[in-house]
Each structure stands twice: as C-alpha cells, then as structure tokens.
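What follows is a structure written as structure tokens; I'll ask about it next.
Labels A, B, C and D are assigned to the chains in the order they are written; within every chain, residues are numbered from 1.
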Amino acid sequence: MSILEVVILLPVLAVLAVWLGAPARLVSVGSALLNLVILLGVAAKYKAAAATGGLAFQHARVVLENPAISFGVGVDGTALILGLLTALVTLAAVWQISDDRPPMYHIASQLIAGGAFGAFLCTDVFFIYAFHELALIPTFLMIALHGRADDATRKAVAWKATIYLGAGSLVLLAGLGWLVLEFSGGSKLTFDLIALREMAQSSPLPVEKQGVIFFVLLIGFGTLVSLFPLHSWAAPAYATAPVPVAMLHAGVLKKFGLYGLIRIALPLLPQGPHVEWVQKAMLLMLLGNIIIIGLVTIAQKSLDRILGNSSVMHMGYIFLGIAAGTELALQGAVLLMFGHGVAIALLFALTGRMRNQFGTLEVAKLGGLASHAPVFSILFAFGAFASIGLPGLANFAGEVLIFLGAFGYDGTATVGPLQWTVILALWGVVMSAVYMLRAYRGIFQGTAATGLFMNDPSFSQRVPLFLLAAALLVVGCCPWLLLDFLKSLSTTAAVAAM
Amino acid sequence: MSVFSIEILLVVLGVGLLLLEALVPSLTRRALASISLGGAALALVLFFFADKSAAALPAFAQPFHQLDTLAVFYKGFALVITLAVLWLTVESRAYLERYTPGGRHGEMFSLPLIVCAGMMWMASAKDLITVFVCLELVTVSFYVLVAFARKSSFALEAGVKYLILGALSTGVLVYGIAWTYGVTDSMSFEGIAEALAAPATAKNAALLGAAFLLAGLGFKVAAAPFHIWVPDVYQGAPNPVTAFLSVGSKAAGFIVLTRVVDAFMAKGSVIASEVQALLLIGGALTVLLGSLPAIFQTNLKRLLAYSSISHAGYLLLALGCAQTARFDLDGSSVAAFYLGTYLPMTVLGFLILTVVRQAGLGDDAQDFAGLAKKNPFLAFAATLGFASLAGIPLTAGFMGKLFVFLGLVENAHWFALSCAVIGAAAGFYYYLRPVLVMFTGESGPALKIAAPTRAVLVLLAGAILVIGVFPKPLQGVLKVPVASATK
Amino acid sequence: MITLSHYLIVSALLFALGLAGVVARRNILIIYMCLEMMLSAASLTLVAFTRFHVTDGLPDFAAQSLVFFTITVAAAEVAVGLAIIVALYRAKQSVETEAVTKLQG
Amino acid sequence: MPPLLFYLFALITLGFGLLVVTARNPVTSALSLAMSFVGLAALFLSLDAYFIGIIQILVYAGAVMVLFLFIIMLLDIKAEEGKTFNLKAVVGGIVLAAILAVQVATIASSYQPGKTRLDEAKLDLKLAADYSKLPTIANDLRAGTLPDAKLMGQSLFQRYGFHLQVIGLLLLVGTVGVVALSKREREAN
C-alpha cells in the first residue's frame, strides 16, 4: 500500500468517524495535520528522486481489466505541490471552523479534501475525474444548506454553480473519453495516464486533432476554473459559501482544472495549445479573465465580491502560463497555483471572521480595523499583497515566471499574439493593486461606522492563519523550494516546443 | 440440478402458495410472506450451485432455451429483484392493508414468483414464440399486480392504463412477429439472423416487421414514444409493483430486445443500419423525454418513473452501439452491465419511498423534508441512491453511463451523444434537488426503520459503491460477449 | 385471383381500424374491443404467412401454433381486463377515458 | 375459395370492424365485433386453417363477446350521448391509422413473395403423408383430407408442450387475478 493511498483514505476515514459520532473537530484537525506531515515527508523524499523528473511513490490496483481502469497513485512535482497545498488549506480550513457549527461542516470539508487529494494524486484518468466530482457534491450541498444568504439566494447560487460545474464536467468527460479512445489502439482501452503518455510520445495525434481535443478539454477544465466567459458562477458561489468550503474550493479544488490541463492535456496533446485558432481563443478568453473581470472587480463594493472576482481574475495568469507552454511559464503557473491557493484561503478565512462580527462586508461601511485588530490587519495584508503580487510573497515569483516565460516564448524578438497578451495582462497587475489597496485602506484605515468593531482572533484561532501567511512568505522568499520539484515540467515543455 | 428445475420450483412455489392461501385460512400474512421469501431465497441459493450448462436443460426445453452468459446473468438478476420486491411487499403492509382490507395479500406473494419464472424463461428464450408466451405470462401477471390495491382509485387508474397500453403493445408485437416470420420464414433468432443476411431478403417488409417488433418491445421497456404510460402507472401502482415493473419487467424486456437486435443487426443483415438508426434515435429521444419532464416533477415516485424512462434511453443507446466492438465489450454486454448497475439504485430508491410511506408520509418531495434530521441513516442511503441515479462518479450509475458514452464516442454517434449528455446534465439537477430537500426543512418525529430493512439498505448502498469503485466482478460475469456466436 | 398480398392488406386495414378506434374512442370497453381487433388482424397476417410458407407439402403448423397461443392470451387478457374495468366502474361509475385522468402532473 | 367469397368476407370483416369503431352504442360495437370475427374466421378457413377458424369463433364470438356483452349489460352502459368524440383524438386516430394502413399496404403490395397466388402455394398432401410419423395423420393425408386439428395438436403437444404449460399457467394467473380484483370484502362488518 502506497503512502499516497493513506493520504487519500485518511479524509474518508475521518468522514466515517465523524458520521459515526467521533468528536468532529479533533478527528478532522488530526487527520488534516497528519496528512500535512505525511506529504511533507513525501516531499522530502521526493527531492531525492526529483532529478529523474518522473513519478514517485507509484502504486496501482486494477479495478477493471477492459477498459483498463486501475486505482493508481503517484506524484510528480505538480501533483506534490498541489497535494501540499491541499493539506495546508485543509488544515487551516477545518481548524478555523468554530465549535458551534454542526459536524456537517467537518464532513463536507474532509470530503472535499479527500476528493482533491484523490484528484491530484491519482494516475488514472478515471479516478482523477471521479474524485473531483466527489469533491464537488459537498461543495454544492454546503452552499445550498449553510450558505450565508437568505434561503432563495443561496439555493439559486448553489444551482447556478451546480449547473455550470456539472455541464463543465460533462464536457470534460466527453473530452477525456475522446482522448482515451484516440490513444487506445486495438482492443485495449486504457485510462492509465502513464500508459496514455507513453502512447502520446510514441504515436502523437495529428496536430489539428490535438487542437480540437485540447479545446474541448479547455472548455471543460476551464469551466471548473472559471475561465472567461464561463466564470459567472464563481463570484456569487464564493461570496455565499460557508468559510471552509470557500477556502477549500477557491484555494484547492478550483486548481483541479488547471492541474488537469498541465498534467493530462499538455503531455498528451503537446501541440494542442499552439494550434493557431486554439491559442487565439485561449488568449482572448484569458484576457477576458484578466482585463474584463479586473474591471468588474474594481467596480465591486463589497469585500466578498471583490475577493470572489479577483480569484476569477487571477486564473487568467495561470491560463497564460499554460497557453505559453514554456518551461518557465509552466513552472510559474504551478507556483502561482500554490500561491493563489494559499492567499485566497487566507483572505476567505479572514473575511469569514469579519462577516461573523459585522454582518456586512460593504467596504464603505467598514474602517479603522487596523487600530482595533492589528494582528488581523497584518494577516489580511499578507493575503492582499500576495494576491497583488508583491515581491517576497509566493504569487510574485509565479507571476514573474509566467510573464517571462510567455514573453520569450519562441526566443525571437518578434511580438506575436502571446507577447501582446503579456503586455495587456501586465495591466491586470495594476488593476489588482487598485482594488486590493482600495479595499485594504477602506477597511483597515479611517474610521468605521458605529458599532463595527472587532478584536484580534484568539491565539488558537491565529494558528491556521499564521500557517497560511507563513507559507506565503516562505515560498515567496525561497521559491526554489517548490521549483525544485518542477523539473519534470521541462520534459513536457521540451515536447511542446518541438 | 439444472437452472430449469429452479424455474419449475418457483412456479410450484407460486401455485402452491395460492393453494395454501385458499385452503388454509389460519395461515397468517406473515407465514405467507415467509414461505414466499424463503422459497425465493432458496431458489437464489440453489441457482448459485445449479448446473448452468445448456446440456443440463431437459430435452424438451433444449430447442427453446439457451444458457449463454447473458441469460445466466439475467436469471440471477431476476431472482435478486424478485427477492427485493417480496421484501418491499412485506414493508408496504400498511399501504396494502389500507387498499385491500381484510386480505392476506397472498397474490402479492405468489404472483411475483410466477413472474420471476416467466422472466427467467424469457431471458433464455431462443425464439419468438417462447418470448411471446413468457412475455404474456409476465404481462398478464402485472395487470393483476398493478391494479391489486383495488380500493385505491390511483391503482385502478394505473391498472386500466397499463392494461390498455399493454394490450396495445401485445397487438403490435404479434403483428411485428407475424411480419418478421413472414419475411424470414423463421421464428428463431438464429434463423431470423440467417435469413436477414441473405441479400435477396425483402428489405422494406423486413423493416416493417422489425419496426413493429421493436415498437412492441419498446412499450415493455418504456422507450419513447411508447413511454407515456410509465409515469401514471408507476405512480399509481403499489411501490413493490412499481419497483418490479421498473427493474424486473424492464430488464426482461431488454434481454429480449438484445436478442432481437442481435438478430436484426447480425453480420450482413440487410436492415442492420436502419435498426441501428431506430435504436439510436429512439434512445436519444427516450433520454430527452425522460429527463426533461423529470425536471418539473415534485412527486418522487413520478420522478423515479421519468428516471426509469431516461435510463431505458441509455440502455437503447448501448444497444445501438452493438455493431462495432473495439474494446471487447459489445452493446449487449454494456446494456447488461448497465442493468446490473440499475438494479441496486432503483430498488434502493423504491425501498426508501416505501419506508417513508410506511411511516405515514407520502411520495411528494416535501414529505422528505428534514429527513436528514429524522433519520440520518436513511437520508445518507437516499443521497447515495440518487447520486448513483444521477451518475456521479464512484457510484454504480456512473460506470454504466461511462460505458454508454464511450460506446457512442467510439462509434461517433454525435447526435445521440449530445442528447445523452443533455439528459445526464438534467439528471444532476432533478436527482440532487430531492437530496437538498432531505437536508433542509423542519425536523419531525424520528423515523424508525426495522433492523432487516436497515440491513437491506446497507446491502444495496454497498452494492452501489462497490460497483462504482470496483466494477471488475460485475463485468467479469459478462466477460464473454454474448453475440460472438452470431457475429 | 387472391394472392398473399390480399390477405396482408386486409389484415393491415383491420389493424389500422383497430388502432384508429383505440386512439379516437373514449369508452374504455370499446377501446378494448378495438385492441382485440388489432390482435385478430395480427393473427390473420400470421395465418396468411404460414399458409404460404408450404413446407413438406403442408402449411407451417409450428408457426401457426402462435395464433393459438395468441387467442388464448387474448382470452385471459380480456378476463383480467374486464375485471379491472368493472372495478374501475365501481369506483368511478364511468368507463370513459375522462375517468382516468387523476394521475397527472 | 373463389375471389368473390374472399371479397365478401373481407368486406364483412372490415365493414363490421368499421362499425365497431364508429358505433355510439357499445352493444352495437360488441355485436359488430362478433360479426367481424365471423368474417375473419371465414378468411381463416379460406387459408386452410380450419382449427384456428373454429376457435376464433368459439373463443371470440362465443366467449369473449359474451363476456363483453355481459359486462355492458351488467354495468348498464348507455350509448354515448352528446359529445361522443374528442375531435383531436378522432383526427389523430384517423391520420395515424391512415398513415399506418397506407404504409403497410404499400409494402404488402410491393412485397415480392406476396404476389404468390393461393393456388400456386399448393399443399402436397401425398408428400406430407410420407413425412408424417403419426399413422392417423398419415392416413388422413393419404385420403386427401387435411387433418388440420390433428396437425395443430401434434405441433402443440409435441413441439410446444412447454409453451402450452406456460399458457396454462397464464390462464391460472388470469383466473386468480379476476378473483382477486373482484373480491368483495366484508364491508358490512
């Protein structure tokens, strides 16, 4: 039994234990902590094996012989980083659930975590897909049942998210099915990612077909990541979702779509994103994310809406990294996935506290928090500045790598669509500075309307928040800690550059 | 001991039970139920040890029955669903007593056994006459079962509707058989396949027979546009009967359909592509006509009825892919696999409806409000069942749908695929809505479930999960492609 | 001279008549009679085909057995069907199709 | 059978069939159906299916129709008055039936084997006698008569014995069903 199977199984066991009546908080935090420790251990060991750039901790159990489906696990750098992100955000999310919440909160969080672990650590397309779906259901249920809005609104929001994500999943399923069928020769149909990769290397598909399948996958995965114009479910869902769900979905689960593109679509269809019409469409869509949603975010009045939209907006950068497909840009994309995940989780956790205290998140009504809750405001600053892309915090390294990688894509000095996109996308950074700084100033400086007043979180409540802030700082200052894991991406990029 | 003796045993048991009820007035309902359940369970146990080779069949049955993997699989399937239905009958005591006062429901315990034998024979039938005779045994028994709660005007209404449309389908079926026989000069599937492969066969006439035959069977499996009876009949009939109709009778219809389609689409058949087109168009239409109205249903039993229609659509689509088989699994075994996944989730759905109705509540969505508080165990089982019906990954339902989708993609039936996708997408909405209702709403008095029912629920939920995560055993049962002989 | 097609066309017309009655009429008893007509039409088709498939100098009596079974089944169906219709009449005092429209929605 | 008789009986079958569909009074419908079945039985006879023809009359005209009439009288169902037909249903029924009839008739008339004349599909009783294993049947055949009831019996009891049992079971189920559905319970208590 691989240690990675333990990682996937632990949240499921925690769910069972809580359902059967074990103390929810203890079990939940305990299992999350254990998973973080295990994955740190895996990371330490992986470093030794990383030079080969291949998969580590592999293990597979055959579930179905034909079509070949196996419950296989294994990590490469990308999977490992996302696994770490999942463990970190899960720990923070379940830690900050206050005791007066029903055990359902813990069950749902652990289910989402289990699904995310499964999706990131499995090496079989079937299970990658299946685990992601598993994680979506508690997300919808929690928004619909415990969302922070009146009954009708939260149900409407939950349905919107369900329909978008359900439809996206189906498109994705169609794309994956197509992919599997294309690569399966003879009577053998396999879902095993490793086998599929080998086949993609030995007998790649014709370029035009790669483009079409890649586009289908892009729409499928893109809906899950709120790619413009399929994004409109995201902001209301995050504004409405209970805090741990918002943290886990925006921070972790949403990255699944990007992960899928990097781990499944790019290696199997290396030419896909470089087919001209696919690239143009992708660049247009991600510019929509960055510019249009950026402007929309600036127009928002309420903090949860700002954060929800900014989360949509930042996906554009990661898509840019994937569209460029160079080693540097891909490394940047993975790094930014980590950074964004941690930062948005931190921000949602803090926003949740504020909403509990004030009952409103209108920036105009708040103010002067810095003097009442200095620790809180510093933590918030970490999150806000990280998402702007301030040097020294995790996102900066990611964004810079993406911009550099994308700009210098073909090594020549010509300025093609990709380069123009980079130039336009840089304005997005300015926009995020505008709305984040304005929100920060509005909330933490000046004076509040009467009665809107809060204290710093208690010590035990600070732990998960500090954990996230520390992760931002550490990765920001020493990005090579994660970049070392990403050597395997160079092989992908090399294929793509051909 | 051959499989055939088990079928005889079921008939003897069914008839004996009728005699017992008539002749021994002191026998209680409980005793009748125990005999029936015990007998069915015994039959299932014996079935595992029975000699399943065709050679073990008695000589007079040999020309009419074949025991390929599909037949054996379905015979086991029929026994399991019959057991489940008998259990549901035990559970719906309150309902039955209300609408058939003073009865011991002997017919409700004996007729399913006879129906089971009929369905088992149907599964192994080799020719149209055997199919017709067994199909009618099943159909006539269902007329009685559907209208059994004769004091309920709903049940009577359902009975009349089922009667009219059942008789209509019989007429259409016989007409189809007549034309098929007329063109191919044969009643056996093998002979039909052979005759259709001859290029001189009159194509239009053969197609006419095929169309009527498929339409007649389409009624039995609730395929569009012959599905209109389903929601009313399912809603009006007693729960156990509805479950039996929606799983047992439909599965039996599909086995026959599989045989017929295999014959019509055998290698070189002059009408193969037309039949395939009929199946695909019919399947796509059925998925849509089952899924889209389901969105507006507030009654869960009607919802399950529409769900049953849309599942029939997926099964038809699976059959429609039967021609090519790049990955070993041909259309008929995909359909059989789909049926295998369909059994536990549908029975689970009806069992939950029955348990809730037993507690004095109805079938409407609001009757399920707050179920999570009244009985979290039941709510969890229901969630699992509905998730599986919706086809959420890691449940049995997803596996079945996956195969159908793969088959459609493989054969590039894009139109059918898009209809199937629309149906599945709608499914996410209408199946998850009742789940949402269960988790919201006011708490009420706790809902008690008897221990055996709890065990059955666990068993069904376990089956859904096991098939969803580890489908190898179920697929193993169907390993040998059914139609390999004719292809 | 009479050919097989004559019989087939007569039975097709009878079948169509029956179908028209099933769709158009409101009285359930008459609908049921029309169904019997359809079944008989199907029997005629079958008998005609068996008569023209002469094997070993005789009509195909093996296939004609199906007609025998059909008639038996029809008799059983009529018995059960009329019992249900009578039960419906007892409950609703009507055998019109309007009496069976409660289940809808 | 001379063509004239064929047309006469076809006319009886279809004409009374039309009356079944159009008559207002259920009694008229039932009696027309019986007449239609008599015509049909004659057509069966013309196809040398004497046994089927006879049981068609025995079972349908004799038993089923009596049952229908009995129920009509018992329930005292009056002729439909006023709005007898639902216009949409009538139009739908006629259109559907017309499409079906035209479709089938077209196929039937273009069906090549359908051009066989009845006197072309000759029965060869001598040949059949040589094939027949049962002496009584063989004797009848040699004598030049078609022992159609015997042949049917041979088919039913030898070849389709199993099916006959199933049909018997079906009749039992039907009987039980009728009893169960029309049971009157002790409502007085």
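One rule holds for everything that comes next: a contact is a pair of C-beta atoms (placed from the backbone, for glycine too) under 8 Å apart; a residue touches a chain by one contact, two chains touch by 3 or more.
Bear in mind the structure is a predicted one, so any value in this text is a computation, not a measurement.
Here the chain at the heart of the shown protein, by mean C-alpha position, is B. Pairs B-D and B-C differ in how many C-beta pairs touch across them, and the larger number is found at B-C. Averaging C-alpha coordinates per chain places the centre of chain A 71 Å away from that of chain D. One finds 31 Å separating the Cα centroids of chain B and chain D.
As a whole-number value, the distance joining the C-alpha centres of chain A and chain C reads 64 Å. Per-chain CA centroids place chain B at a distance of 26 Å from chain C.
Among the residues of chain B, those in touch with two or more other chains are 129, 133, 136, 140, 143-144, 147, 150. Touching two or more other chains at once is no residue of chain A. Chain contacts: chain C has residues 8, 15, 18, 22, 32, 43, 48, 50, 62, 65, 69, 73, 76-77, 80, 84-85, 87 touching two or more partner chains.
Taken together, the touching pairs give a contact graph of some other shape, not a line, ring, star or complete one. Here the touching chains pair up as A-B, B-C, B-D, C-D. Every residue of chain A that touches chain B in the complex is listed here, in rising order: 19, 62-67, 69, 71, 126, 129-131, 133-134, 137, 140-141, 144-145, 155, 158-159, 162-163, 166-167, 170, 173-174, 177-178, 180-181, 184, 186-189.
Of all residues in chain D, those touching chain C in their complex are 1, 3, 6, 10, 13-14, 17-18, 20-21, 26, 29-30, 33, 36-37, 40, 43-44, 46-49, 51-52, 55-56, 59-60, 63-64, 67-68, 71-72, 74-75, 77, 80, 84-86, 89-90, 92-94, 96-98, 100-101, 104-105, 108-109, 111, 113-119, 121-128, 131, 146, 148, 151-152, 154-156, 159-160, 163, 167, 170-171, 173-175, 177-178, 181-182. Of all residues in chain B, those touching chain D in their complex are 11, 15, 18, 60-61, 63-64, 100-103, 107, 110-111, 114, 118, 121, 129-130, 133-134, 136-137, 140-141, 143-144, 147-148, 150, 202, 204-205, 208. Put simply, chain C touches chain D in their complex at residues 1-10, 12-27, 29-30, 32-34, 36-37, 40, 43-44, 47-48, 50-52, 54, 56-59, 61-62, 64-65, 67-69, 71-80, 82-87, 89, 95.
Interface residues of chain D facing chain B in the complex, by the touch rule stated above, are 103-104, 107-108, 110-113, 159-163, 166-167, 169-170, 172-174, 176-177, 180-181, 183, 185-186.
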